[in-house]
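Same chain, two partners: chain A is paired with chain B first, then with chain C.
What follows is the complex of A and B.
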């Protein structure tokens, strides 16, 4: 399957009375976007209002609490559309041509639960810990309707859909724009790959998806990942929006939709594909709470690795605690099939970094990439402007009573920052 | 005698009041609701049962909400002992070690925050054992 991505570099976002992309600037009319969001019945039912704001790199701006980050894209050639099974009809994506509005993102923010997490600082020391400080962000702040307290499932769904719809609307503006740069990505069928790259090691990416429940979910072609068995995707499908995030707990190591669209494991395997390895496919598997599900899913992962005659597998994780068990089960079982395995995770090693990093371990997990220690304490300076609210800083993961100091600074663990210790290796924290 | 993996064998250990409110009398499982117990005490009770031969049905660290963040914990063990499972023994012992690693947070949580922590714990439990969380909330 072959996909061409056309990158349209967005250098600036400005509010305007018209919506267009012109010479690297996105002009956006918030009222037009809002009207498009409210065409959805669930959004209409649960969201009272949307606020729109723009946050640019280097500004003294803090966005919090962040729900999701999404890169606008539009399908210009080939089957399917953006976010299949959710926004577009269910049709296999990952081939043809897709335009990407690079250098920007749609960020959804606002209260869902009373400990809503996630901080993006656009400048200062906090900005160094989140990749989203480098983007021009169109921030959509959702405000719930009365009575949403008893309908959190429905409200979370409505905000998730609103973010995807906003990204779809913006992405559509890039349809007829000539990309600044294009790139092609292709993987082969099993036999074809063996014939074309006979001497290269066969490597797959085992992509673990958060699937524990409310605020901890991931959707694949619209299907809740906890209800799926381990299966195979072409890597280009995830680049084309087949996987979306419904997860907004554990800010530092949640995989936003943007991470799925721009998965660095996929990008790096493609960079090596045909040169030092044969990138066979992605294997997607879940992170359920029920232990029999863990057993079943990891058994299937290992079985698929064997059936595909892999030489190596990379396994990435999402979240904390419970998924450590899936990670180790996957690693151990894949290794026992004779397939060399590298795992990518992050650490909760205590504020001093001296504690056991993961909730599970095994001697076969002998090749580990870390995304950093989520318990490390940082101090974030006061920002001139807050998009969203600081109401939750004292009660979120990584925060504590008095985290938000009277002078506006925040003392907290890295956990509070969106994407800080990402377990796909998206960020720059690591240890060698 | 309940056989393993039969819902009749599900014993829910919980300190979360939303669990009995939404789930009592709506399935074959048994709920042991102990509001006086802490998160850690629920884990310790499960550990002692695992050491006595009961098995774990759900992961003791379900959810990315951190153990020092929420006061609520629900997990499912077997009603009947099925023989000591070393892997489960290690898992529950590790969970307690992880709990102890997190620094206690001296913070008072308002009622709406507590309700949301109850909700998340309840929905993770419900999802794990195939109970319709939204239907339970409408009770």
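What follows is the complex of A and C.
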């Protein structure tokens, strides 16, 4: 399957009376976007109002709580549309041509449900820990209707859909813009790959999806990952939004939709494809809360690795705690099939870094890449402007009573920052 | 906690859902439970059915507590 991505570099976002992309600037009319969001019945039912804001790199701006970050894209050639099964009709994506509005994102923010997680600082030390401080962000702040606390799932769904709809609306503005740059991505069928690259090791990406429940969910072609068995995707499908995020709790190591669209494991495997390895496919598997599910899903992951006659697999985790067991089960069972693994995770090693990093371990997990220690304490300076609210800083995962100090600074663990210890390796936290 | 209490000379049964973690950290008597968000209950069942499951789990745990073990043991329910 072959996909061409056409990158349209967005250097600035401005509010305007019209919506267009012109010479690298996105002009956007918030009223037009809002009207499009409210065309959805669930959004209409649960969201009282939307506020719109723009956050640019280097500004003294803090966005919190953050629900999702989404890159606007539009399918210009080939079957299907972006976010299949959720925004577009269900149809296999990942071939043809897609335009990408690069250098920007749609960020959904505001009071969500239950835990209120995630901070993006656009400048200062916090900005170094989140990739989204480097983007021009169109922030959509949702305000819930009365009674939403009794309908948490419905409200979470409505805000999730609103973010995807906003990104779809903005992406559409890039349909007839000539991209600044294009790139092609292609993987082969099993037999075709063996014929074309007979001497290269066969490698797949085992992509673990968070699926523990409300605010910890992931959707594939609209299917809740916790209700699915381990299966196979072509890597290019993820570039068209086949996987979307429904989670934001403990924001440092949850994959936003932007991460799925721009998965660095996928990007790096493609960079090596045909040169040092044969990138066979992605295997997606879940992280459920029942032990039987964990056993079943990891059995299937190992079985598929064997069936595909792989030489190696890269395994990325999402989240921490009991998913450490899913990670180790996957690693161990794949290794026992004779397939080498490298696991990508992050650590909860305590504020002093001296505790055990993962809840589970095995001698077969002997090649590990870490995204960093999420318990590391940081001090975030006061920002001139807050998009969203600081009401929840003391109670988010990684915060504590008194996290928000009287002078407006925040003392908390890295956990609070969206994407800080991402387990796809999106960040560059390093011991050196 | 399981290990510290045992270190004080009191036998412990670890009732938990993710038994592999319990094995990794070194519990000696392990009883598998329902699910991480609700280890001793199941919201999908009726109250009577749930009560029956709880009794079964607790009785199994008490049996484990009084069983001699010479290695880490999972007491399947």
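We take it that the second predicted complex is superposed on the first by the 428 of 432 C-alpha atoms of A that agree within 3 Å, B and C clash if a C-alpha of one lies under 4 Å from a C-alpha of the other, contacts with A are read in each partner's own complex, and residues count from 1 in each chain.
Just so it is clear, contacts are C-beta pairs under 8 Å (C-beta built on N, C-alpha and C of every residue); 3 or more make two chains touch, one makes a residue touch a chain.
Remember, predicted model here, so these are calculated numbers, not experimental data.
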Query raised in the report: Clash or fit: chain B and chain C on chain A?
Result: clash
Report task. Give one of first, second, both or neither to describe whether A:27 is in contact with chain B, with chain C, with both, or with none. Result -> neither
Query raised in the report: Between chain B (first) and chain C (second), which does A:152 come into contact with in this model arrangement: first, second, both, or neither?
Result: first
Query raised in the report: Regarding the shared-chain residue A:359, is it in contact with chain B (first), chain C (second), both, or neither?
Result: both
Report task. Could you look at A:7 and tell me whether it touches chain B, chain C, both or neither (first, second, both, neither)? Result -> neither
Query raised in the report: When the two structures are overlaid on chain A, which partner does A:300 contact: first (chain B), second (chain C), both, or neither?
Result: neither
Query raised in the report: Touch check for A:291: first (chain B), second (chain C), both, or neither?
Result: both
Query raised in the report: Which of the two, chain B or chain C, is in touch with more residues of chain A?
Result: B
Query raised in the report: Regarding the shared-chain residue A:328, is it in contact with chain B (first), chain C (second), both, or neither?
Result: second
Requested in this report: Check the residue A:254 against both partner chains and state whether it touches chain B (first), chain C (second), both, or neither.
Outcome: first
Report summary line: Dual-contact residues of chain A (chain B, chain C) 212-213, 289-291, 294, 322, 324-325, 359-360
Query raised in the report: Can you name the residues of chain B that touch chain A in the complex?
Result: 5, 56-59, 61-67, 69, 88, 91, 94-95, 97-98, 101-103, 105-110, 112-113, 115-117, 119-120, 123-129, 133-134, 137
Query raised in the report: Which of the residues in chain A come into contact with chain C in the complex?
Result: 212-213, 289-291, 294, 322, 324-325, 328-329, 359-362
Report summary line: Note: in the complex, chain A contacts chain B through residues 113-115, 149-150, 152-153, 210, 212-216, 226, 247, 249-250, 253-254, 288-292, 294, 319-322, 324-325, 348, 350-351, 355-356, 359-360, 375, 394-398, 400-401, 415
Query raised in the report: For chain C, which residues count as touching chain A in their complex?
Result: 17-21, 24, 32, 34-37
